[in-house]
Amino acid sequence: MSGFAKPLKIALGLAVIAALIIVPMNFNRYGLFILSQWAVMSIAAMGLNLTLGYAGQVSLAQGAFVGIGAYAAAIMTTHGWPLPAAILVAIVLSFAIGWVLGYPALRVQHHYLAFVTLAFSTLAFLLFRNESWLTGGIYGISNIPRPHIFGIATNKPLPFYYVCLGSLAIVSLAVWWLIRSPWGRAFMALRENPLRAQSLGIDTRRYTLMAFAIGSALGGVAGALYAPLTQYIDPVPFNLSLSLDLLLMVIVGGAGFYFGPFLGAMIAVLLPEWLRFAEGYYLMLYAVAVMLLLIWSPTGILGILDRYLAERRTKAASALRAVAKSRLETVQ
Amino acid sequence: AFGQAIKLANVAELSGGGATVGTNWKNGIDLAIEEINAKGGVLGRKLEVSHADSQSNPGVARAQVQKALDAEPYVLLGPGYSGSVKVTAPLAAEAGIAQIMGGEAAELTQAGNKFLFRTSFGQQSSMPKVAKYIHDEMKAKTVAVVWVNNDFGRGGRDVIVKELDRLGSKVVADLSTEAGQADFAADVGKIKAANPDAVFVYLNEEESARILKELKRQGVTAPLMGETTLIGQKVIELAGDAANGARGHVGLTTDAPVDLVKAFREKFSKKYNYVPDHNGLKGYLAVYMVKATTEKMGKVDPKKFADTLHGLTIKAADEPGILMDVTFSDTGDIDRQSFLVEVVEGKQVVKQVLPKVK
Amino acid sequence: MSAVLEVTDIKKSFGGIHAVNGVSFDVREGEILGLIGPNGCGKSTLFNCILGQLTPTGGEVKLDGQVVTGLRPSELNKLGVSRTFQLLQVFPKLSVRENLILAGQEHQGNMASRLVGRSDAGLTEAANQMIGFFKLDHLADEPAGGLSYGQQKLLDAAMAFMGGPRLVLLDEPAGGVNPSMLADLKERLVAINREKNATFVVIEHNMEFVMSLCSRVMVMAEGKVLAMGRPDEVRKNPAVIEAYLGH
Amino acid sequence: MSNLFDLLVAGLATGAIYALVAVGFTLLWQTSQTINFAQGEFVMLPAFLMLAAMQVGAPFWLAIILGILLSMILLGLAFKLLLVDPMMRHGVLPLAIATMALAIGIKEAVKQFFSAEASPFPSIVPTGEVAILGHAVSLQSIGVLVVAILAVLGLTTLLNRTSLGHQMQAAAQNPTVARIIGVPVERMILLTFLINAFLVALASLLITPIYLAKFSSGEVLGQAAFIAAIVGGFNQVRGAIAGGLLIGVLDNLAAAYVSTQYRAAVPMMFLIAVILFRPQGLLGRAEERTV
Amino acid sequence: MSDPILSVHNLVGGYGKMTILNGTTFAVPSATITTIIGPNGAGKSTVFKAIFGLLKLREGKISFAGRDVTNLSQRALLNAGICYVPQGRNIFPELSVRHNIELGGVAADKGLDLPKRIEAALDLFPALRRKSAQQASTLSGGEQKQLEIARSLLLEPKLVLVDEPSIGLSPLMVQQTFDILKSLRDRGVTILMIEQNARSALEISDIGIVLELGQTRMVDDARRILNDPRIGQLFLGGAMEESAA
C-alpha cells in the first residue's frame, strides 16, 4: 500500500463506524430491526468466513450453530439468567460441538465435508423440533427477554441495536486479530495446500479443529443475539436454508476477505428488503441480482477490489521487470 | 367522491414452507377488497392493502409486521403460521392495532391478548368436536392419529389426543410425518399393524392426498376422519378415488351447502383459476370482518376496533360477505356453524350440520 | 558418525503393487546421501513413508534411535525433519514472502504465543534473506501461484530451510532449475551442511548434481535397494548402468 | 414379514425416484465438476412447461416434446451459457451459490406465473398396479426404476467406453490440457448440460404424476437425491442407483422401526457413516494419489 | 538451413497487466531441433503459451508455414500441424493411463491408424504398458511425464513445442526421449524445445536461443552457444561442469 492509503482507509473506517452509530438514531423500529439482523448475521457469516473463507473447510452447518446459540440463550434467559452468561454458554457449547464436528474434516474434504455438515445440520433441526422438553419443540420459546446492559433496559429497538452493533464490533476486532496472527496464516495454509502445510510443521489437525470450533462459536454468538432480537424462536429458521444463506453471504461478499461477511450479510439481509417494492417479484429479483453479481465477479464483491489491487501491483512489478538489467549485458 | 383510503396491512407466508397457505390468504383478501371497493368501499372510503412476505419465518414476520405497524395501518391481517403470530401479536397489541390472523393453534387466543382475532375455529374448539364424532358416531375404541410435524399439525394432535383420552378412545398409533413427505408406506404400515377402529388424519392437502392413496393401496378399511385438509376439493382432485369415504369436520369449506359460499367459490376460481382452500376463505372473511366492524362503529377508528369486534355477531343477511352468521368471543375466538362432510364419489356431501356453540 | 535416520525393511504396497519392497538404510549425521533409480522405482514413495505422509505397510523408521513410524508429518517436522516435493507444492495465493514466513512460523514459540505474538512471528528478516538468495526479490509480494516452474521449485526448497532443519529430504530439487542457479543451490546445501551440520537425502535424476554433491549414493530399482556406495563406485556399477544410467 | 416386503417395495419405488434425480448430480460432477443446487427445481420445472403447453391447447404428446425441448434450451443451453461459463473456472462454490439463487428464482417464478397450488399431472405410464409375489406394485414406480437404470447404463457406457465420454471427463478434470490436445472443451461442457437437461425433463415427466406438480417439490427431491448421490458415490454415475435405492429403503425402514419423528435422521447418520468410512461412496472410485 | 517454418515477431504480452514478453523475436527453420534456454522466469514457457494461443498478446505476430497464426484456437493450431507438450503435470488424473494416451489422438487426421500408433507409443514406454489400466494419478512423477510424451506421439505434427521434457525423467529416459526427438527431426518434423538440462539439449540441437527477461538475447548455432564461455558461465552452470569432471 502506498503511503497515503492508510490514513485514507482509517478515515473511511471511522466514517462508516460513526454512520452506523449515528444514522440509525432516527430510524423507525423496522429499520432498526433489519439493521440489528444485519449485525447478527454478519457475526455468523464472519464465523463461517473463518472456517470456509480462510481455512477452506466447507461447512453447511453454520445455521445449526446459530440455532444452538439461540436455544442456549432462549432457554437460559427465560429461566432468569443474564444474557452475557447465556452468550458465554453459547460460545462454549458451539465451540465444543464445532470442535467435534471438525473431526470428519480430518478425514474428508470439500463436497464430502459439505455433506457431513449438511447431515449434522438436519440432525440439529430434528433435535430442536423433537426434544420438546428442552426446546419447546415446534411451539418454540416465546417471551425471550432482552437484557439490561449497565442498568439500561434494551427492550426498545435502538438500545438493542447498539447491543448488536457492540457485539459485532467486539467480534470484528477479535477476528481481525486472529487472522493477522500466525494462526490466520496457518488457516490459509490449510485452504491452499494442506499437504505442504503438514510438512512445514503446521499441525493441520489442530488448526482444522480450531477453525471449525472458532467459526462455530461465532455462529453461537450470533444465535445468542438472535433470540433476544426476535424474542421468539422455533426450529424452522435454523434449518438448512439458514446455513445456505450464510454460505451465500460469505461467497457473495468474498470468501477469505475480511470485509466479505459484512457486505455479504448486507446483500442477504438488506437487498431483499430494498427489493420489496416489487411485491410478489422481490425474491425473483433478489435471485437474479445474486446471479448477476456472481457472473460479474465469481469471487464475490471484494474479489473485484482484489482484482483491481492486484492489477496495480503487477503494473508496478512489470515496470521493475522492464528496467531490470540483463545479465548478458552486464558482463559485456 | 371517496375520502382518504383505509389502509390495511397484510403480512403472510408468501414464500417458504407456507407459501400455499399465504397465497390463498392473500388472494382471498384481494378478492374481498376488489368487491368492496367496486361497491363503494367502507363508509364511502376505499380499502387499500399492502402485502408483505414473511418467508414463513418468524424472524422475518416480526420485521415485516414492525414495518407494517410503523406505517400505522387500520388493521393488521395475518400471518397464518402460529409461530409467526406468536412473535408478532405482542407488537400489534403494543401498537394498539387489531390483528386478524389465520393461525389455528389453541394457545394463541389464550394469552389474554385483547387485539388478536381468528378467522376460523381454533383447534381448541374444532378438535373436541372431531373427537366427539370419532367416539360417539364412529364408535371407535381405538384410534390412529397421523399428523404433520409442524405447528399446525402438532397443535391439532395435542388437543385431539387429550380429548380422545378424555372420552375414553385409545390412541393406538401416534404418527408424526414430515411436511412435503412423499412416501407414506411406513406410516400406513404402522396404522395397519395397529388395526384401529378409526384413523384421524391431520396433514396438509397434498400429503393428505398421498396418504389417502397409500391407505387405499395397502387396503386399510378403518374409517378415516380429518379436518378440512383431508376432504377439501383440492385433496379430492389430487387423490381421486382414494378420497372416497373419508370424513371431516369442516369449519369453513368452499363446498358448504350455503349459497353465499358457493358464490364465493365461483368468483374466486374465476379470478385465480383454481379452487381455493380454507385459507382463501379466511383471507376473504378477514376483510369482511373489517368492513362489518367499521360499519358497526360508524367511523374508522383503529383504537376502538378491537373493542367493537369483541362480542360482535355478524349476520350473513346483513353482510353477505361474511358468508355465514358468526360471533366473536371476548378472546377473539370465532363461533359459527360447522359441518361434517363425507366424500362420496368424488363429491363432498354434508352429513351433519353442527350448530353454533352459543 | 552416528546414524540420524535408520530405515529398516520399509514396505509399501498399493493393492497388488509393491511400490517399496523392503528397503533398509542408514543416514549418518552430517552426510549428504543421494537417492537415484529409474522412474517408478519407489523413491518418492519411500520418502512419503519416512515422513509419515503415507503409512508404510511394514517396517520401521528411527530418528536418532527413536522409532518415529506413525508420527504425523507435522510432528516429524517439529523434530527437525523437513522436505521438498517432486510436484510443485506451494501456497499459490499467498505471496512468496508469506509462503516463507509460513514455513518457519510453527518453529517459533507455541500455539498460544503465536496467537498473541507478532503477526510475522519475527520471520520477515529471515524470509527476505531467503528471497534474496534465490533471486526472487522482484517477486516477493507476488502470489506464489504466478511463479514460473523453476521459481516455484526454488521456493519449495527455500521453504524447507526456513525452520532450520537438521535433516532435509529433497525430492528432485534440481528439476527445472537453471544450471547456474543450481550451482548456487548446491553451494548453499554444502554450506548449510558444513556450518549447521544438517543432513540431507536428495532424490535427483541430474547426475552431475548428485555425483558432485553427495558423499554416498543409494540406488533403488523396483522397490528395492540395488546398490549403495561412493558416487564413483555407483557410477561404474554395471547393474546401475543397465537399469538407470544407460550408455 | 409381509409388511417388511411392502416397505421394501415402497422404499425401492421412492428410491428409484431419488436415483433418477441423482443421476444428474453424478453426471455433472463427473463431466464438469460442478454441483447444481437447483437440480430439484430442474426436475420440477419441465412438468410446468408441459402443463403450460397443454393449457394453450397442445395435446399431451406434443406438450412432452415441447417441454423436453424447452428444458434443453433453458436448463441446458441457457444455463450453461449464462451461469456455468463465467463461473466454472472459479471452483465449485460460486456456481453452487449461483445455482442456489437460481433455485429460488425458478421456484418463485413458477409460483408467480403459474400457481402456488399443487396440480395433478398426467402419467405416461399406465397408472395401474401389478402383483408381485402377492403385493401390489405400481407400474409408475416400475417405469421410474427402469428409466433410472437405463439412464445409468447408457451414461456409464458413454463415459467409460467411448472416446466422447473420455473427452467429456477430460474436459472436466483438466480443461486447459484438454484444449491443448484438441478436445473441444466448450462443446463437451455443453453436451454435459444438454444431457442433464434431457434427463431432468424425463425425470420430471415420470416423477410429477407421483409427486404432483408444485413449485416447492424440488426442495425435498433435490436434497434426497443429493444424499443418494453421495452415498452411492459422487464420482461415478452408477452410484446414483445404489444410493437412491438404499436411501429410499432406509428411509422407510427408519420410519417403520426407529421413529417417525426421527426418520430423516437415519439416512443422515448413514450418510455420515458412509462418508467417514468409505468417503468415495459405495460404488464410487477412490480419490486420486495426493503425494 | 531451410526457410523458417515458425517465426515469432516482437511478442509483447503477459498475465493480466504484468508484461512478461518484451518484444520476443526469433525464427525456427524447418526440420531442426531448436532449444530455448534462459534463467528461471525468463518467459520461456510464456512464449510457448503465446504461440499456442493460451495467452492474449498485446502486440506481435506469429506465423507458421507462411500463415498468420496469432491467437488462433488450440484446435485450429493442432489442425495446422502444431502440437504442444507443456511443462509440469498435465494428465487427466482420474482416467486410466490408456485412456489418457488415447485422448492424444482426438485431433488426429482421419488417415492415421490410431490403434497402431497407441501400441507403438506403449512399446516405447514399457512402464506405461504395464500400468495401462491404472488411474493416471497413481503414476510416479517421471511416469506421468512419460505418459505425456507418449500421448503427444499419436499425431503427425509439423512442429512440436516441448517444454522441459527432461524434468523428472531418469537419465535413461532422457536419452530415449531425446532419441525420439532426433528421429522425429530426421523425419522432417520441426522441434522447438525448452530445456534447463541445457548441455544435453544443446548437444542434440541445431539451433540455440537464449531468452532473458522476455527478450531474445541470442540466436545461434547450438554448438557455438554450447561453447560460448559467457553463456556457459551465466546459463549453463559452468562451475558445476568443472567440479563434476
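We just call them A, B, C, D and E in the order they show up, numbering each chain from 1.
Note that in this section contacts are C-beta pairs under 8 Å (C-beta built on N, C-alpha and C of every residue); 3 or more make two chains touch, one makes a residue touch a chain.
All values reported here derive from a predicted model rather than from experimental measurement.
Q: Moving only from a chain to one it touches, give the least number of moves from chain B to chain C.
A: Minimum number of steps from chain B to chain C: 2.
Q: Give me the chains shared as neighbours by chain A and chain C.
A: Under the touch definition, chain A and chain C have D, E as mutual neighbours.
Q: For the interfaces B-D and A-E, which has the higher count of C-beta pairs in contact?
A: If we tally the C-beta pairs in contact for B-D and A-E, the bigger total goes to B-D.
Q: Indicate the whole-number Å distance between the mean C-alpha point of chain D and the mean C-alpha point of chain E.
A: Roughly 44 Å separates the two chain centres.
Q: Express in whole angstrom the distance between the two chain centres, defined as the mean CA positions of chain A and chain D.
A: Centre-to-centre distance between chain A and chain D: 31 Å.
Q: Whole-Å distance, chain C centre to chain E centre, using C-alpha means?
A: Their C-alpha centroids are separated by 28 Å.
Q: Rounded to a whole Å, what is the gap between the Cα centroids of chain B and chain E?
A: Taking the average C-alpha coordinate of chain B and of chain E, the gap between them is 76 Å.
Q: Give me the residues of chain C that touch two or more other chains.
A: 44, 53, 85, 139
Q: Using the touch definition from the top, which residues of chain A touch two or more other chains?
A: If we look for residues of chain A contacting two or more partner chains, we find 129, 195, 280, 283, 314, 317, 321, 324.
Q: Would you mind listing the residues of chain D that make contact with two or more other chains?
A: 108, 261, 264, 291
Q: Every touching chain pair, please?
A: In this structure, the chains touch in these pairs: A-B, A-C, A-D, A-E, B-D, C-D, C-E, D-E.
Q: Within their complex, state which residues of chain A touch chain C.
A: Of all residues in chain A, those touching chain C are 178, 180-183, 185-186, 188-189, 192-193, 195-206, 313-314, 317, 320-321, 324.
Q: Applying the document's contact rule, which stretches of chain A touch chain D when the two form their complex?
A: Those residues of chain A that touch chain D are 58, 104, 107-108, 110-112, 115-116, 119-120, 122-123, 126, 129-130, 195, 240, 244, 247-248, 251-252, 255, 280-281, 283-284, 286-288, 290-291, 294-295, 298-300.
Q: Under the definition above, what is the set of chain D residues touching chain C in their complex?
A: 291
Q: Show which residues of chain D lie in contact with chain E when the two form their complex.
A: That would be residues 163, 166-167, 169-170, 173-174, 176-184, 235, 285, 288-289 of chain D.
Q: Under the definition above, what is the set of chain D residues touching chain A in their complex?
A: 35, 37, 82-83, 86-87, 89-90, 92-95, 97-98, 100-102, 104-105, 108-109, 112, 223, 226-227, 230, 234, 261-262, 264-265, 268-269, 271-272, 275-276, 279, 290-291
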